[in-house]
């Protein structure tokens, strides 16, 4: 998407999980998907990160609960998640910001790039949550 | 609209050799023909020749002790037609219409998954939407299953407040 | 080379959503193809029976990640028929305009993905850049890029102010030029043509028998278009010449051309309806309790004919909601196209029916 | 080689026109290619240090070896590929016709060394457990038949014209006469197209077509092995482009410049810069091709290569022989 090009941060879509570092999960976990997601997660080489994109990936709502027999909940019920990006659907720049914030939390040199990006879109900081800030909540 | 529908319905009644239990209209623009379960294949063949060649879908509805199966068909212009049969829940058996309309394979597999209706003569009647580890014999859209889940949800809600 | 059975597994770069295909190939030719659905089954029909109509509509809108307005609109129309509620004409116009804008966004998204499937990434980047035009319009109207929630039970949620109307007109004119450009690219670009011509053949007879719907069947000369055969909302108010777009090429190229022409047609419909937006309020109050009854509602989603069957039992919760999405109807046709194809053509053939796996599994 | 020469040639091999320079130039070429393609698709493209960052990251990643694969071979083979490409680069004269490593027949050695990366992929694909690997291997071999013969013939045509198998002789021929691109234009076109096939770039990248068979032979490899494989591809692009730049575009010679600076010390430096510019020009051409075309199927690719590459180059050779004989 030319307007939201992640490759300017050097991030590319990779075909095989072996070549990937960050796993972007969208959508709730259904019973059929459970072991596939675990297998994909194990195929990724260390160090690896998981980003849950969207409200249904973060918590499974609104599909989970109320007479639902096939949805187990959010992605964190199956694999450890490092970054939650809520929104239904989350805006593309929220996704870009989420990925950047995760990278910055790992590699402080990127902090400058992160602040630059924050200036471009006011109020974007509130749109994503790092996993550790979520730990206390859940 | 309704007099056009009446005229077509009368014409279908006497053209069709077999026996139509009842013919009504649903919401003024849909004709509904109720047919006995064993005549379903012949009547579908007749209806396809008559003009409703496109099978939109097959809907299953749990009506207490019977499962109603609705075949929604449509042609080039209104009114569209629906064939309705009811199958007892205990022995839910029905002849498959894939011989008449090959496109019906996936719809029948779905009704089999969710309502447990056996379609004889179906090329491959295995799981469509349900996961592989779903217990046999449990059909999620039957009324008793829905009540069971509603009760479980209620407890869950009380549990975590 | 012998016979290889290899899975295009639930996770595969060609499939943006989880679906698992078992392809058996001899050398480079596909001998047998089988699809296992159900990876995305969120049991929405069962959940609708536990929720009242408003929450049910919220859920049904999220069946498909791309064409959300058409689900929300059809659910609302089904409940309105059960309530025998007459929706103001202005709301019908707004619903039709948003539906056509969504068709443009869905078809442009598909054209980009099709380019990506055959390795033509430049087309993917160009088309998705131009798709931003219609995304901005939709965001201007409803505040969200997808899942707009524009259709409520009894009318439309947001009104189109005059300056939104003028912005939409500009946007549609710009999109018309861009579609002109893509019509050129899709029909003259050498290597793209080599990958789409004569690939994924579906004869007219097969299309009718296997119940294919939407652009997949119209590209095989089966002119079934619900907007034309069973007009709903404001489709009978269109003054310009409005015919289903068909082509007799019966292959992926035919589907590409049908979708590009439909994008152009959708732009023209918007330009035709926008200036004649009638006055009046946009919403009518609807009672939460729906009287006993059943109804079947059809509409033309970007991927084809979408069916909502609804049965109510007098309470505020529906007794049965059955959703049959167009992608489910196209799967038998897709499998028919696959046998005899090249292994390299499997992704583009599957993508040519514009499958939405989330729709298929509901 | 006088005694000091060993040190000098060691310096040549390891540092300057050898391995270190080649890897650095490979990384820059990869950035240049990705940025250019991004710009052609009006995107912003990666920052300049991205390929270097990718390499460092990959070297740090966990190195998974599937139990299906033979540990020794799988670790050794990527090194083998990279070494063969670096060795081929040694025989490409970068700044003047007097090249220390030149000997008669080094053109053949370069061609031979440049085919080894294809067999590296075949071995890797053979040892990868999932079916995408074996399918990818099949496609690598099929594609090899498509582009290998035209590539060799295209590079040998100038040798026939200049009647010598030595690259430096070709350079001298071009200094006196016109550049080979003018003498045998068809050979230039065939060489570039075959190079695109050799580097497995779009429109001939079926062996690792992302949307069909994920990464083909490289699907199962991570960490150090993946880094070496990527480096192999990048350096192969540099060597291929430099080779075509030297043979067809007159290498270090620039019409006005070289005669003026012939004797002085500045000659080789200017010649080196001219070769770099011409190589970047070739990489620009490869990126342009990558941005303009869709991916062909494997049998379409082989047919296309037969019709548009093998037959024209044979005609070209025929014409030269007839002209030469006259």
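Here are some notes:
Going in written order, the chains are labelled A, B, C and D, and every chain counts its residues from 1.
Convention: contacts are C-beta pairs under 8 Å (C-beta built on N, C-alpha and C of every residue); 3 or more make two chains touch, one makes a residue touch a chain.
In this text the structure is predicted, and so the values were computed from the model without any measurement.
Between the contact lists of chain A and chain B, the overlap consists of C. Across the two interfaces under comparison, A-D and B-C, the one joined by more C-beta contacts turns out to be B-C. Centre-to-centre, using mean CA coordinates, chain A is 39 Å away from chain D.
If you average the CA atoms of chain B and of chain D, the two centres end up 63 Å from each other. Computed centre separation for the pair chain B/chain C is 24 angstrom, with centres defined by C-alpha atoms. Per-chain CA centroids place chain C at a distance of 46 Å from chain D. Of all residues in chain B, those touching 2 or more other chains are 130-131, 140, 146, 149-150, 153, listed in ascending order. Among all residues of chain C, those that touch two or more other chains are 13, 38, 41, 43, 46, 49-50, 125-126, 129. Shown for chain D are the residues in touch with two or more other chains, namely 41-43, 210, 214. Taken together, the chains touch in the following pairs: A-B, A-C, A-D, B-C, C-D. Interface of chain C with chain B (complex): residues 37-38, 41, 43, 45-46, 49-50, 81, 208-212, 223-224, 229-230, 293-296, 298, 305, 307, 309, 311, 319-320, 322, 324, 328-329, 331-333, 361-362. Of all the residues in chain C, the ones that touch chain D in their complex are 1, 4-7, 12-14, 28, 115-123, 125-126, 129, 189-192, 194-195, 342-347.
Residues 26-27, 30, 53-57, 59-62, 70, 72, 74, 76-78, 80, 82, 101-107, 110, 114, 127-131, 140-141, 146, 149-150, 153 of chain B are the ones touching chain C in the complex. Residue ranges of chain A in contact with chain C, taken from their complex: 1-3, 13, 15, 17, 27-28, 30, 32-33, 36, 40, 56, 62-63, 66-71, 88-89, 91-92. Contacts from chain A toward chain B in the complex involve residues 30-32, 65-67, 69-70.
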